[in-house]
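Both of the next two complexes hold chain A, though its partner changes from chain B to chain C.
Right, the complex of A and B next:
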């Protein structure tokens, strides 16, 4: 049954997942073109100096890319169900409601994570084309909190979308938004090398949290 | 049961978010602009003099260590080597101190400032370990970045910046020169000043696997590697290079014990600065060199210390004071009473972000007690059974105002 739910969720989000995928690939194609152009008009040693010494992040515009992806997939997965009250039908499937909700969330998380891993691969490959491997590894470490925030954005969207009461939606939005911003505290490269694991670990609590609005939806408590 | 656990998971998330942003907002609202104290050793009166902001606007005190007040102009006259351009403007140059006469040129040529902030220490900020080795004798007026950069692996590996590939010839040439000088790969520390905005280039100091320090330069394209006599058991943590036309000192060396040494041009001899209570992880250090004295000034957010030295770096006077900016204000006390803890995410002494819980001590019990009182009142008003929802009170007991707000806005299901 759980695999059927996963398949159902895939059918639901595949169009938006595809749109998000194209968006992500598009941004990285632009990154490649942009860097290629930069290395054509500037001396390479100056670009390396700017990147390594001054700390210019040539890939900074991918900062919010996976956040947008997480929001797109989360909204695509849960908003139509909530508006049309179709989610109630899912909750009547012969499977425990909590397991069903977690399974839906797992499906969405997987969707975001796959795009995130592809982003990481594209980032490393493109940066390694123009900079030594230290630069590419650094870009990956720098982008890690941004990529992780995509998962939090997805979970925050799911949490907010499933909540039946408007005032609570705002509370969940504030918690998710506030937590999301924790991954954007630094402007230099590799600033999260020491600290990322702590907010990343705590953010795992978003996964069980989504059970609460689903429970409230099912029981219509206010 | 599961929805209850889900609620508590959400409450923990809310507490984490609040313990980052509420203290941040509190500081934004309550913080006053109070700059750090400027402290100098006066070669005129042989005392420490300081200028300190003590309130909003331009409310300064300008005093010497004995408590004598000065106006701004007198203060600057007491430290003429710092304000030598004003001295010239005011017609006070050349001036005679201790029987020696100083004109603008003499002062200018004998001044130097070294600075070491915690963020500048190699292990306190990220740095991609790829560096350009500049040509030290470029044969032109300005320094230029080379078309290659090096990394220290099991060899000194040069990468061509245009092709992003290893330059085998240059790599072999420098690696062999390093090995011939006795260098043992891999390097523990690579320290240099990566800039073309300096008067000349002194290359890099590189500490090898055995702790020996080597001076590496590129002179007319050829490697020049010197094994320095710096002791291998010194425990070098950081070297801050500072090329200066005086050519007396290469830079500052920091050891794992927190000692500061100057590396001199005189056979790489070390001069240990006589600093007391210096903590490189929290304190900014400045070494001010003038024609007569050397003054090391170092401070954290609370206390400023200084030691004045003669030209041979022997201490002649010491001073320390709690800065006005380091004094506890009412806003600080209220902060500690209101918030039991806070999460620190930024650190101005480090290039790395943090995520550390900082406890506010016993004063927080006031805020916790008030939060508990409000928590119980709210539960009574909403007709929640305390016996059933005692974990909510336990949360408030440990997290104070954060817990109170969290359990109130994320109500239990009835």
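Right, the complex of A and C next:
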């Protein structure tokens, strides 16, 4: 039964997932072209100086990429459920409501995570093409909070979309915004090397919390 | 007889507006139960409460022996529910939605679904969002039949259906309840359809007034009497004997659960001239309008 719910979620988001995938790949293609152009017009030692002395992050424009991806997938997944109260169709399925909601959310998380892993792979591969291996590893560690924020953005969007009450939607948006803010507190290399696990762990509380708006949806009185 | 739906002292309000007040009724297994009422009397609200999508202010609802607000997956698998407006996952195609639902229902009858849907003459990859309201309703009703549920709850099944498909649907429904173990709880704006279908009816009125009866008792007991309009008719009003009245053109119609002799005597007592008083045969729709009024 849960595989059937995964099937439904896939049918719902596949187009938007594909668009997000193309967007992510496009940004990394641009990163590759941009770096190649840089190495064509600049001396290698100058780029080295920019990257490792001044601390220029040449891949900084991927900073919000997975956040956008998370919002796209979260909205694509839960907006059709909420329009016309179609969420009732899912809640009437012969599956425990909490399991059903968690399954939907895990499906979406998986969709974001796959693109996030692909981003990490493309970042590492592209940076390693122009810089030493240590530079590529450093880029990966620097980008890790940005990648993680994609999951938070997805969960925040899901929570907000499912919530039946408008005032609470704003509260959830504010909470999600606060968590995202936590992941963007550094503009240097590897700012979060020893700290990422804390906000990451706390933000994963978003996963069980999606049960709450679904519960509230079923317990409305109007 | 076992009841599949039991409602006790149900009260529900939207703000200060009372929708249901101390509503109690039961739906016995094997019955076809029609819920009738004008727009806004709370038919859909009642179905939402029965299916656990709304928490009532007070009262108790049990469906298939379970608290309606906490139905187990096993109970839900036995309930075929048609939401008002024929809600469906519109991003799915005819084949995809069948594949999705079939995984959830152990008695899934694929042939029944395609038996109804094939009449649309649409390719199986046709998306539901690209269908007309009537086409979508055919798909949704096909899905509900294919579940082979013990209890079918149909909230305004006739919305968007053309006359031919409505007739076909009623034939399927009659077939479905034939063995006497299946129960249907139905609302429809096309009251006439229900006349040959339901055996129990409940009329809901604004302010929570309720009349529950068997269809036969209602059709025998509730009567329309007509006489020629005259000046005295202006003093007519509703009371214990006269359930409702309608003055249109030269005719006055009074509706009552009492026999003609009693109604005639009552009108005479009120000083109303009832020249040509006669009982007029009614269809269910006439009786429904007679009971609840035109507007």
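Things to note:
As a working rule, the second predicted complex is superposed on the first by the 220 of 222 C-alpha atoms of A that agree within 3 Å, B and C clash if a C-alpha of one lies under 4 Å from a C-alpha of the other, contacts with A are read in each partner's own complex, and residues count from 1 in each chain.
Throughout what follows, contacts are C-beta pairs under 8 Å (C-beta built on N, C-alpha and C of every residue); 3 or more make two chains touch, one makes a residue touch a chain.
These numbers were taken from a predicted model, which means no experiment stands behind them.
In the superposition on chain A, A:36 makes contact with neither chain B nor chain C.
Applying the stated contact rule after C-alpha superposition, one finds that A:175 touches chain B and leaves chain C untouched.
Contact with chain C, but none with chain B, is seen for A:3 once the two complexes are overlaid on the shared chain. In the superposition on chain A, A:92 contacts chain C only, with no contact to chain B.
Of the two partner chains placed around the shared chain by superposition, chain B is the only one that A:52 touches, whereas chain C remains out of contact. In the superposed model, A:219 lies in contact with both chain B and chain C. Touching more residues of chain A than its counterpart among chain B and chain C is B. Residues 219, 221 of chain A touch chain B in one complex and chain C in the other.
Chain A makes touch with chain C in their complex at residues 1, 3-4, 7-8, 11-12, 80, 84-86, 88-89, 91-96, 218-222.
Residues 12, 14-15, 51-57, 69, 73-74, 76-77, 79, 81, 83, 85, 87-92, 96, 99-100, 103-105 of chain C touch chain A in their complex. Note for the complex: chain A touches chain B at residues 43-46, 48-49, 51-53, 98, 129-132, 134-135, 138, 159, 171-172, 174-175, 178-179, 182, 185-186, 188-195, 198-199, 202-203, 205-206, 208-212, 215-216, 219, 221.
Listed in rising order, the residues of chain B touching chain A in the complex are 2-3, 5-7, 9-10, 12-14, 16-18, 20-21, 126-132, 145-147, 149, 151, 159, 161-162, 164, 194-195, 345-346, 351-355, 409-410, 413-414.
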